[in-house]
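For reference, the structures are reproduced in the following blocks.
Across the two complexes that follow, chain A remains constant while its partner is chain B and subsequently chain C.
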Partner chain A sequence: MPGPILLALALMAGQDAPSKTWTVPRTPDGHPDLSGTYDTATLTPLERPAQFGDKLFLTAEEAAAIEKEELNLSEDLARPSDPEREAPPVGGDGSPGPYGNVGGYNFFWIDRGTEVFELDGRRRTSIIVDPQNGQLPPLTLEASKRAAVRRALYKENAGENTGEAWWVEIEGPGPYDDPEQRPLGERCLLGFGSTSGPPSLPVLYNNLKRIVQTRDYVVILVEMVHDARIIPLHREHAPKEIQKWMGDSVGHWEGDTLVVDTTNFGKTPALYSASENLHVVERFTRIAEDTILYQFTVEDPTVWTKPWSGEYPWVSTDAPLYEYACHEANYSFGGILRGARLLEAEAAERRK
Partner chain B sequence: MRSYPAVVPIAFGLFLAVGVPASAHHAFGAEFDPNRPVLLKGAITKVEWVNPHAWIHVAVEKDDGTKEVWMVEAGTPNTLLRRGFTKDSLLPGTVITVDGYQSKDRSNRANGRDMTFPDGTKLFMGSSGTGAPKDGKDPTEPKKPKQ
Partner chain C sequence: MVEGQANAYRAPRASDGHPDLNGIWQALNTANYDLETHMARAAMALREGPYGPLPAADVLPLGAVGAVPGGLSVVEGGAIPYRPEALAKKKENQENWLTRDPEIHCYLPGVPRATYLPYPFQIFQSENGILITYEYAGAVRDVYLNDPGPPPVESWMGQSVGRWEGETLVVEVTGLNDRTWFDRSGNFHSAQLRVVERYTRVAPDHLLYEATLEDPEVFTRPWTIRMPLYRRVEPGAQLFDFKCVEFVEELMYGQYRRRPIAR
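Moving on, here comes the complex of A and B:
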């Protein structure tokens, strides 16, 4: 064999060596060591943007375009404002969703990552891998009806904010009658957007997770809202009557993969639309020195017409996971309820 | 791929554009009144560097010359801490400009829709992209508007 080819082969072998020789670190009981702090932020969304159809992978150019778009947005929003600007428009600024016609706050508070995620060297269009179109399956008829009722009642959470107590005109309870009607995130019981999970999904900021592992337990500390998922291994689920905010999780090892099964949810799990019938199976596999492959399957036959699955990497980070005391300074919650009372009083006054 | 509103102080990127339930700790629409826009200018008296939202207290001078303190709701401090900002990064006495909407409970609270220094530069924005403090070494650093 000619010398240059031999040399090339030797070089290739040398390049491959690190990935071939990497072995998963193990705990004294022999299982893969998953412990560490992970940043789960990614620009890849849960559901696939429509233009990608059934395509799971992005080309390098498509990935670069998405990342550039995010960079451009952050640079645009970092530019100075007009120092002579006036107050925003009366009647609202038209901002949608939870920004509720009044805007949110500056972009520098946001931290949702700067890159789409990559697995096996290929960048992804969505976290959802099943159904094949990367979309959540259709809701059941009953779930659609519930969602419509909820949307109509929680208008301000969906951007329809007139600053009026419109709910005094409707039959039945209004959206602000009772603190326990308000969303769990607003009440500091769980972080918003299923950051705690299960399944754990990336959100606008504070996407750090810390895993602590012993022979009999795995704990996942979720930065927001200081939620600790305590997962006993090799144990049966709690009795059905016992419901928990994040469900009842039990784990076991299948080879080198930690499998976590969660049932016993309350009426409003962290996962949007889900019900107390939610069942989630998560799989944690350490696939590289700095990466856990996080996979999950969701089923709730009273909400979705079929199960759905997703996957994305949890990437280890040196960044510290900070405390997230939430109740103590949750001034917003009192403000929301007081505001509703005041608007109701004004509406009553007008009707006299 | 998509276009964004020209001046929006919050992200409407990929995440929100594909129908994932957009959420934050609370719905701003539940807390603030679109019929009561405010423009607040004054010196910071206190910064509550707390979760779920930081609150920045500003002494605003009224038309009659007296001052009243407004509380401005901001985001989670954890994000800024991770980028190297600390409690010393925004001190009492610093004059800022804030536009937003007053809370529905009519207390002196507003959302910090856009928080800037008097010259219009954003609070906590240093070199673009990294969020690192300004040191003038980043050629993409936003230039200050001419006075």
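Moving on, here comes the complex of A and C:
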């Protein structure tokens, strides 16, 4: 074959190969095959950082800067500790990381991805696409009151870790009085950060999802905490009196997109701030051999003043899911409560 | 007999061309109380009474609800072939059931106990994967259809690798830890346990379940349990949430409340 024709064919193949040659794989019943194992980690946050304003897309430089920052941080935190270092001061030295307070995980355990995500060849500033500013819509009056109470009790004060039972000085319950007050992730009832969903959001680690699809069901196995979302495809919602931790999901196909509607949540869904009135619609579309486009709309009129929507890709991976046996080794949960009792006893002693 | 039906019946095929095991299944026996033959008794935890065993004080208020129904052994040949020292430990486990049985603490059940706990489980079978989800504790198993090699770590539910032998799904389970039990009677194993399960659809609404257990540290030879599993046929049958972690918080952490509730 003459040289120029070969070159022209090669160019055509190079340009058009992705859209023309790939067809969505299908199951024997003709629907797109969503099955596989997916990594949902991304450096793109749910809400858009303020500096990007209404901008949905990142420039190549902005994306590179975010990825570089994460790389630098991980390299920094992966450096061996100085064996000669002093013990941290009582209560921590205030810095982020294990020296700052009693400490959580070191960086070895963190796995939130290395890249911002890209759709249609453009990198994104946020998962939220609606509202346009990429922020959660304002809370209702009722919900903002609840949030203020929660912030006062759990975030601002508890985050300080003064090493003292500061809550004995305030009226009402303290943050560590009872196991039921603690977050679902701490109690090992669901993974933190709405990793189970719906909507399913990327979190600090264990972001794998395994999808198995039969004629009648799509099941999403969520790595943390080994939660299987069983989505029947030919069924009405469960009656109202049936409430489920991850809600009652029913799915149907709209063309090549799996649409999953979820209601019947309990009082505390995985999604932060949401109530039992939460309603989530998710759309799963396989857009490439290795990618599912995951889109969702969240509606809870008792919490947010209007619905909000987001999207990000689930990218297939060869990595296996590990068993996230959370409750079975949740030694620190009893420790958290016992520690609070100890601090209260010390406070009582001081007051004598 | 379920076994007798196996030859005559040909199961419908699933989308992967193999016998269709999709569905919600449940055991209907007393294996979770005791794999071996046992007579009905007053309670799981007993103490001596003037005329024979009585319910232990901790379980006394449950009355007949806390009693144990009798049942035949599901073990081929009747008895579990314990090594002598392991049998002593089994008995000790049984005497300390109330504090030692992992089911009481809502821990993941392991294999094969997950199968015959008194809760349904669901099999999802496709050409690209098989999942088994259990109502109890939200336990799950991803049955690999390609062997990934030895399990990288021990786990509560182990690593499952499945293959088809004719009409039977054979699942080899390795990498199990030593924390799970087989029943409420203290029957146990070590981390050497290896389980080979066989699932055969022998009738429209029955599976035959067989599991061969090998653990040279605890047993003198491999042994096999066998039982029918029944399809949950009622309309709308589904797995409910049974996140029992929530239900054991008072038991496990109640003493650490700021204001403990009287017990």
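The working rule: the second predicted complex is superposed on the first by the 319 of 352 C-alpha atoms of A that agree within 3 Å, B and C clash if a C-alpha of one lies under 4 Å from a C-alpha of the other, contacts with A are read in each partner's own complex, and residues count from 1 in each chain.
FYI, a residue touches a chain if its C-beta (ideal position, glycine included) is under 8 Å from a C-beta of that chain, and two chains touch if they have at least 3 such contacts.
Bear in mind that the values here come from a model prediction, so they are computed numbers and not experimental data.
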First, second, both or neither for A:Pro320, with chain B first and chain C second: both
Chain B versus chain C as contact partner of A:Pro131, first or second or both or neither: neither
Superposed model, chain A: greater residue contact from chain B or chain C: B
Touched partner set for A:Pro307, first chain B, second chain C, both or neither: neither
Which of chain B and chain C A:Thr214 touches, first, second, both or neither: second
Touching partner for A:Cys188 - first (chain B), second (chain C), both, neither: both
Footprint overlap on chain A, comparing chain B with chain C: 176, 188, 225, 320, 322-323, 325, 328, 333, 338, 340-341
Partner chain A, residues of chain B touching it in the complex: 1-2, 4-5, 7-39, 48, 50-53, 55, 71, 73-76, 78-82, 97, 99-101, 103-107, 109, 111-116, 118-125, 128-129, 131, 140, 142, 144-145
Touch list for chain C against partner chain A, complex: 14-15, 22, 106-108, 122, 124-131, 133, 138-140, 142, 148, 152-153, 155-157, 179, 236, 238-241, 243, 245-246, 249-250, 252-254, 256-259
Chain A - residues contacting chain C, complex: 27-29, 33, 35-36, 173-174, 176-180, 187-189, 210, 212-217, 219, 221, 225-228, 230, 232, 235, 238, 242, 244-245, 320-323, 325, 327-328, 333-334, 337-338, 340-341, 344
Chain B partner contacts - residues on chain A that touch it in the complex: 43, 45-51, 65-66, 69-71, 73-83, 85-112, 114, 154-163, 176, 183, 185-186, 188, 192-193, 203-206, 223-225, 272-273, 319-320, 322-326, 328-333, 335-336, 338-343
